[in-house]
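Please go over the structures that come below.
After this come two complexes, each holding subunit A, first together with subunit B and then together with subunit C.
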Partner chain A sequence: MRKSGLSDRSFDTINVLLLIVISLICILPFLQIVAGSFATQQELMEKKFVLIPEVYSLDAYRFIFSDITIPKSMMISVFITVCGTIINLVFTSITAFALARRGLRGRRFIMFLIVFTLLFDGGMIPAYLVVKELGLINTYWAVMIPNAISAFNLILMRNFFMSLPEELFESAKIDGCNDLKTFIQIVIPLSMASMATFMLFYAVNHWNNFMMPFLYLNTPDMWPVQIWLRQIIIMATADFGDFGASIEIPSQSLRMATIVVATLPILLVYPFIQKHFVKGVMIGSVKG
Partner chain B sequence: MLKKTKKASVILLSLVLLCVVVLSGCAGNENGNGADSNAVDSNGSSATDGKKDDAPEATKSLEPIKVTALQPYWGALPDMDGSLFKYIEKSMNVEFETEFVFGPNFMDKVNVALASGNLPHMLYIFDGKQPSIVTAIRAGAFWELDGKLEKYPNLMAGKDKIRDENIKVDGKTYQIYIPEAISRQGMNMRQDWLDNLGLQKPTTIDELYNVLRAFTQDDPDRNGKNDTIGLAQRLHAGVPVGFPILLAKFGAPNGYEVKDNKFIPAFTTEAYRETMRFFKKLYDEGIMNQDFSYLQRTQGEELIQNGKAGVQISNVDEKLLWNPLLDSNPNASIVSLSYLEGPTGNHLFTSKGYWVTIAFPKSTVKTEEELDRLLAALDLMAAPEQKEFFMLGIEGEHYKKDNGNISIVKNVEAELVSLRMFAPDAFEPIAPPGTPKHIEDMYDVLSENETSNNLVNNPAASIISKTAIELGGELDKMIQDATVKYIMGEVNDQQFDEVIEKWKSSGGVKMLEEFEAEYNKK
Partner chain C sequence: MTNFFSNRQRVKGAAAQNLLKDIWRNRWLYIFVIPGVFYFLIFKYIPMGGVVIAFKDYTPFLGIVESQWVGWKHFERLFQNNDFVMLFRNTILISLYKLLFYFPVPIILALMLNEVRLKVFKRFVQTVIYIPHFFSWVVVAGITYVLLTTEGGIVNEFIMWAGGEKINFLGQNAWIRTLLTSQTIWREAGWGTILYLAAMSAVDPQLYEAAKIDGAGRFRQMWNVTLPCIRSTIVILLILQIGNFMDLGFEQIYNMINAGNKDYGNVFDTYVYTIGIKEGQFSYSTAIGLFKSVIGLILVLGSNYLARRSGEEGIF
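Now for the complex of A and B:
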């Protein structure tokens, strides 16, 4: 007994230590960025790694917010994220529900088409051509409509809907519900947890999206925050070759502050949805 | 029953309505933006309408033409409502609808534009010899400019034999270039350290070595600690940034050497080996930073800005590089040079000599008249009297002139960087008035390089070979890796020879043959 107690305890200790180390590895780089964004340029240049700045400075943030560009682009990001996520959720859930119902004819074929897109992707230029021909270039639709349904999320959601007992639908039908009413009054309330999860998936995707706004939005006034962020970061890392001579590289603290500003809002969404998270993802895969 | 379905449809309706409201919210915003650009359009057209009413025929030629452009920018996004941009539009009598794209991402956008046929009137291109551009040129997508530029004296003034040759595709010109220094090769070093040690600015490779060694071992900053190195290096294009510069000084060819109509690659020459040995010595003796092979640009530059390294061998005109050091250390001063005597003299490699190029797609610029109007507009911007604008901005707003004395009111150099793309004029490295001494020095070195009679051109620069397009990158990488490893002592002479053999058998010989065939056609 005692022996097993000891091995239990040592196992626990090792486990805890290991997890602490792993979580530190995950958290430290981010902490360094947050700390660095408050440090002075001088300190960052002398010490490579700063966790607690000796002198706090808000210069980097002052610089970011001295200009309307970043705050405005953040509002655009919020707008794209909110509208885009609503579109995603509406389209994904109604499609998933339809495909989960056994009565739908040609269900397998439609599923095949959807799974097919998971494996084969047209690529950047065909996608651009489609968006262009639809006349969506330089509109916010271009960043919200083309990826309205993620095939992967659709499959997860469909699995979840299929795990709902058939009897539920039958009794709803007996009580006089048609399909739509069943969906809205019974299925949606039951699936709030997984909806919250998918909402987070989609929202993070929209917030972090760089390539689509970059390709489809031509007016700088319309750019979301990620495009500006990437520019500030890339100026420091990329070799401009012959152009470097006259271009001022943003200071390290400014780069870090921009990362913080661009990441923080979406990070703040996590705590509110986190409680649904595990439940939401697991629920679809485990039947019964 | 009936009631219930009704209720369901009410819910359905309200859901649809919700969607509509949300989506129209998006649409509203979009329209807002759309309306803005429309407003510009309608203003423009209403203005021209007004003119038309006054004098229908006579002023027609004075109406600004509408021009779309796809342009890269660096640093700050040019303000299209700002006075600088407005000045350009007014001078050229053009209404620009320019799409500015951040430099590093620019070619992605160009390739998408080319593939989708969504082309502007003026397409700016980085490196006009890359495969997608050459394919488009050969498919006849752009206007040929030979015989068309001669009418425009200012555009012709900027032309130059080496640069012209470098931009030709199959012997013809399809692009106008915005020139830059023909060679930026050179070095900057700490004058105060030289003074501390009683040394002179080096003029030979041996003297350079002595300076570098002394900067490492003799405590040039007089702080009593052995904490400095001579040379700060990082990789650029696969090799240490200073490597091509010393390669030139050691007498190696620029890329290839043509002997009896045969192409000899630089890395097979003895001079290349000498240069590698020189760098290996610097590396072994700790005279250059040991971590050069994985440093990023800013990390490499910080060595200099911290006052840890005394010499930067790379592009001589990196003006902003030294600012942090000069700000924090009032004793620091720097000196620039490019003259260095090697075993066969003082050589300099040329680069392609242009910054970006402009091509005119046939699908958008429909007629030769339209092309002429565009060229005429660019010619206006390339005029000598515009030089002051591109250097200082607008008189009265950004600088003041008093009896020829120029005083800067507001420094707009950073904003002008990207706007210089509107001026395909001659390259003249003249420091703007009010420039600090060390930057004037850099400009002096640039103009010294410009007129040097020791310029070594790359004979392969104007040749397009199929193998070079397909395999060139891979083949280059093979040699670059071996070079870096040689410097770090991981590859010896014999192994380097093996890499050369491998280079030859993996497509190198084929590429050389293609070069020779093209070269001898001329």
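Now for the complex of A and C:
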């Protein structure tokens, strides 16, 4: 056992206390938003800082769900997230698998092409013009396909596949598996932890993506929840002259409730995948 | 003679046949890699080619190929524009702030977490400090607004309570860079510890034992054992950070800037959006984007070169 002297113990105490403070800094602002969303407007006006509301009120939520706009945008966000993540996982994993195997000629060249995209890109406008030329503006494809593969995740996943023992593939081949069968029946089940991690990364990106829907979806009917969130926050921010005073200012609790509603789905997924992802990140990056 | 040629042809034919056979045997790998290759060609390499419109007067009717070449016109306009100085200054300053104030935080945080002996507590802290990473920039902006608004935001209420005067954090040049840097630290610092913690878990425990026998306290162990052992991770992440020097992220900044703070907050990304998408000046805004990308490329290659020169691995 470690001998713990006085300086050791005071070090530990200070360290733990600091970490508690840091944890609070990370979580308190959000907890305050959650609590505030359940408080009445009156209590918010009077007390400013509410961690446990005296009177619970669902008014803000009732207001949000009394109109079709936010629920509909949530459904759209779910749709984009689910479809987009499936596309991401399929594209990334098959490409990573092929590039991890020796049988593929030219894989070093292809890897170079992919790594180079991390160093240089054409910028927002040429990318926009490509999406436009393909006729994808105002379709959900525009927010899913241009992000189908993250080069960074692809490299991590390829490293993971390369860490699988070569004998595995050889014995599968002897048993009469072709690469497709090997991939589906052997490699995928072996990489569930790492797949779950990438699923989380991709899903978070889709759910939180603001820029692509903002660029490519021009009709409010098609907007996911992040864009509406921005509308509500900006409308509610009267500090600036930019947006004119003609817009009605929604109540503080409404802003808070919208933030909660837009964040909750992704926070609900996080605990289920958390136990996997540290492992998943490590597996992919160790060989990096 | 004829015999010789036909022999060579036969050998060639056999090689080609072998190649085809080889491709057929690995056909699924080729099928697997095709969508990915097309993806990168269409969505990454065509836009790279598309930067030629920075040297043309692009009009949608004529398309990229038919539009007129104009040489460096758009770049000259950019460098002569007063906005250029502002954009360059803002981009560099915000990036420098992040390098100075954000970059060390995950390292320090990981060092602290690494010293925690109680596994349950460590896991709890990790779970909590990762959470902000799952908030979108819109949500982060929303939380910032709620906390800092002059109309009943908790921070201003506290300042008033303490006898100070309300500060217009949100609509004022003086505060935007501090706000952006703080937001980045709040959202990313916890998440940033993952790779450092992974690297720390690979440190040989014997090194700590040896250091302890030599009389090293906890701080000395951190300084002389942990930090040197994770140096390559730090260098790689530093290169990546410097590589992203010009990429400050459209989403975060666009959601924070307004009429009151845009002189200090506007950066290349937000400017390209305004000039390009909103005003439709495609060629000019592509020139700005290209300038940004080239500087970024030089920075990442340069920092990688320096890392290799000083005996580190670098990223390529």
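One rule holds in what follows: the second predicted complex is superposed on the first by the 266 of 288 C-alpha atoms of A that agree within 3 Å, B and C clash if a C-alpha of one lies under 4 Å from a C-alpha of the other, contacts with A are read in each partner's own complex, and residues count from 1 in each chain.
We take it that a residue touches a chain if its C-beta (ideal position, glycine included) is under 8 Å from a C-beta of that chain, and two chains touch if they have at least 3 such contacts.
Nothing here was measured: the structure is a model prediction, and the numbers come from that model.
Because the two structures share subunit A, they can be overlaid on it, and in that overlay subunit B clashes with subunit C. Comparing subunit B with subunit C, more residues of subunit A are touched by C. In the superposed pair of complexes, A:L129 makes contact with subunit B and with subunit C alike.
By the touch criterion defined above, A:P165 lies against neither subunit B nor subunit C after alignment on the C-alpha atoms of chain A.
When both complexes are overlaid on chain A, the residue A:S23 reaches subunit C alone and has no touch with subunit B. Touch criterion not met for A:P189: it reaches neither subunit B nor subunit C.
When both complexes are overlaid on chain A, the residue A:L215 reaches subunit B and subunit C alike. In the superposed model, A:N178 lies in contact with both subunit B and subunit C.
The residues of subunit A shared by its contacts with subunit B and with subunit C are 45, 124-125, 128-129, 178, 180, 215, 230, 236-242, 252. On the side of subunit A, the complex with subunit B involves touching residues 41-42, 45-46, 79, 83, 86-87, 90, 124-125, 128-129, 132, 137, 139-141, 144, 176-178, 180-181, 184-185, 214-215, 218-222, 227, 230-231, 234-249, 252. Within the complex, the subunit B residues that touch subunit A are 1, 4-5, 7-8, 11-12, 15, 19, 22-23, 25-26, 29-30, 33-34, 36-37, 74-75, 77, 99-100, 102-105, 108-109, 111-112, 115-116, 118, 180, 184, 236, 296-298, 302, 305-306, 315, 317-320, 324, 328, 351, 355, 413-414, 417.
On subunit A, the positions that touch subunit C within their shared complex are 7-8, 11-12, 15-16, 18-20, 22-23, 25-27, 29-30, 32-33, 36, 44-45, 48-49, 91-92, 94-95, 97-99, 101, 103-105, 107, 110, 113-115, 117-130, 134, 145-146, 148-149, 151, 154, 178-180, 183, 204, 207-211, 215, 226, 229-230, 233, 236-242, 252, 255-256, 258-259, 262-263, 266-267, 270-271, 274, 278, 281-282, 285-286, 288.
Of all the residues in subunit C, the ones that touch subunit A in their complex are 22-23, 25-30, 32-33, 35-37, 39-40, 42-51, 53, 64, 109, 112-113, 115-117, 121, 124-139, 141-143, 145-147, 149-154, 157, 168, 170-171, 186, 190, 194-195, 197-198, 201-202, 217-219, 236, 243, 250-251, 254-255, 258-260, 269, 272-273, 276-277, 282, 285-286, 288-290, 292-294, 296-297, 300-301, 316.
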